[in-house]
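In the two complexes below, chain A is the common chain; its partner is chain B in one and chain C in the other.
Up next is the complex of A and B:
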């Protein structure tokens, strides 16, 4: 019986190690489904809001969003929050912004307690 | 989350699963298999009293060990999860414990889980059996695992949660019962004479097989539904990390199911009829012939052969169940790794 224990434990440990090898480095448990403005979108007017919808509910206390310009300066109004009416929506207000490339940084915690982070850019090209 | 962190979270979650399954499965086994099986048995009153006392001691030990394991994993999981959520170093964590406990879904579920665990521990320690309450609290305790996992990301009242909960309930009752069959039964059988031990084992295995059959009937459709709702397709079984780990888990599940079927359709009928199993037939024929050749025929020969056969069937049963138990521990390990791995999703905004 001891032999059985030993062989089985070795096989299972090997399979377990193999499984850890199957996991890639970056892990996350809720993902963005879509956003406004979209990733890489060029818009003609400065948007009032940046909104990102996720595929799961978010924890408001630990979910953040910021918008920066190319120099790294923060340009949003600092009111980033999870939409109270829709717990899958993360949004932040923007002042009227000049033409340029802007980067949105987001960090959210899902209901299962896992953290996801990411960023994307959009461009404002105000027509003359 | 980096690999060493996933490893740590997975090991803690695995120990958590083992503790939960020992506790919940032990309660289910006690109230749905052992006690009714013992009551319906034809054992003498003294034998039943003696078995009752032994079982009581054993149950208390199981509750104490699983309770300590669960308390430990619950606390470690809380610290690890707090660190992951807040991205703060360990020494700064106490300052945000309040926010995590009272302002996050995870925190509320964690507190409910803690209360349920303490309640289960206290009720389990009582000598007076509280069947309905224990089974009900065990079910709710399993639900807290579902509500702090992938299934609850969409909503607490979604088909994902229901499917995951049923899957977990069935696995706990089956694997937990299996552990009891492996650990408790030999302790009880050793104190009985061969014939009584054989009758008791046959009765308990019969009841446990029925329970296990019902559990498998629930866990397979619930598991399939659960992974389908998480976006797992046949393609994703090879293309995504979640799918690949799930595929390995399924590969380990198959022999567990096979061994379960072997116990149900091979060992149990043989125990009931005391028929020799495959090689046993040859062995029986050999024993009869050697007896005749060596003139060892004696009045007690048939009885001795019967005892030998029963003990060989029992040995096979305990060997199968040991392998099944070890494989089940492996399944739990893969289930724990899956809780730390994102299911397949539609990526990108």
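Up next is the complex of A and C:
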């Protein structure tokens, strides 16, 4: 019986290793790794950019980013873009913003067509 | 019996092979809106997907002895919302009062249809039907000689739609399953078992990506602590009302293409045995590994089930 389990374990381990071998050139859903400002962060000065780094390369034509205030008004400069020096980076410029809570909406498509989207907030609390 | 067994086992092997090589597109396994639901361990997962458990395993000491198992499950999307899973399992039983024995369990085939998908509320609803092919597995490990049909309802719900005052709870997600087994055999084996369970998980990735980046470093940032609760209650027959219940705390780690899950199996009453058992799996997201191959066999790869859009 132990022999049977040994054989099966060996075969399955081999399949697992084979599957990992497929991974190097594969693409998949992409998710954020980190951002500036950070998700939920309180910052003391208005940032010039919102940047989000993802765990895979993005398709520039189908990846978008917007920043809104609490009333839903769009406050960014409208120049959201991928990279171009880094295809995992999605960024957008901001004007000087007053204190408040802002929400970043992003929608990205990985190079193989998988769509992911999300949003997060950050707070500007300008020192007087 | 042997011929029937060989035919079904051949079908399982052929189906698995077809899944591995079928040419194909893409839609998200386990993704609803912002929410990613990892594969559940002990209860049926509500998502049709191109995925595989390679392998799943368990060890448990029950009331009558020790049990080991190692299994494979391969799931293939027929359409973007319809999936067919095939599951095979090899078991070893070491009874306290009898010689050790081992053999294959009956294979299971599960058809599921994702009927409702609500990205805004991170909610899905999936009816499913499992067919356990009786008379294929080994008698000595308790494989039934009759077949079973198990209609189920499955759901998943993420709590990302909670208000800001409850932001800390947004990473929580719940998956549930409710099914009733219907034996396809002679009257004397007729016993219907109600099986139900919940999978409650807290997603560190969701916390850091959408609620607050608290600085959890990789690889811990990919963890999903969870607890599963599973119950089986015969609703008729000699064991009517005698519920077997387990609590299953565990951890899931999700990578880009793989998932590793490990859980303890804690019996909650005398009928489920004494010491702690263990169950786990190494899971492959085939549709992410090779989206050009592992795609729905028919129709669009991106048309989701009806529901509100973002």
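As a working rule, the second predicted complex is superposed on the first by the 100 of 128 C-alpha atoms of A that agree within 3 Å, B and C clash if a C-alpha of one lies under 4 Å from a C-alpha of the other, contacts with A are read in each partner's own complex, and residues count from 1 in each chain.
Methods note: contacts are C-beta pairs under 8 Å (C-beta built on N, C-alpha and C of every residue); 3 or more make two chains touch, one makes a residue touch a chain.
Keep in mind it's a predicted model, so treat the numbers as computed, not measured.
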Chain B versus chain C as contact partner of A:74, first or second or both or neither: neither
Partner chain in contact with A:125 - chain B first, chain C second, else both or neither: neither
Most chain A residues touched (candidates chain B, chain C): B
Contacts of A:39 with chain B and chain C, given as first, second, both or neither: both
Partner chain in contact with A:31 - chain B first, chain C second, else both or neither: both
Contacts of A:56 with chain B and chain C, given as first, second, both or neither: both
Common interface residues of chain A - those touching chain B in one complex and chain C in the other: 1, 4-5, 8-9, 12, 15-16, 19-20, 22-23, 26-29, 31-32, 34-35, 38-39, 55-56, 112-115, 120
Complex contacts: residues of chain B adjacent to chain A: 1-3, 6-7, 10, 81, 84-87, 99-100, 103-106, 148-150, 152-155, 241, 244-245, 248, 252, 318-319, 322-323, 326-327, 329-330, 333-334, 337, 340-342, 345-349
Footprint of chain B on chain A - complex, ascending: 1, 4-5, 8-9, 11-12, 15-16, 18-20, 22-35, 38-39, 52-53, 55-57, 59-62, 109-115, 120
Parts of chain C lying in touch with chain A, wherever the complex brings them together: 25-26, 28, 31, 33-34, 36, 54-55, 68, 70, 72, 90, 92, 100, 102, 205, 208-213, 256-258, 282, 284-285, 288-292, 302, 310
In the complex with chain C, residue positions of chain A that touch it: 1, 4-5, 8-9, 12, 15-16, 19-20, 22-23, 26-29, 31-32, 34-35, 38-41, 55-56, 112-120
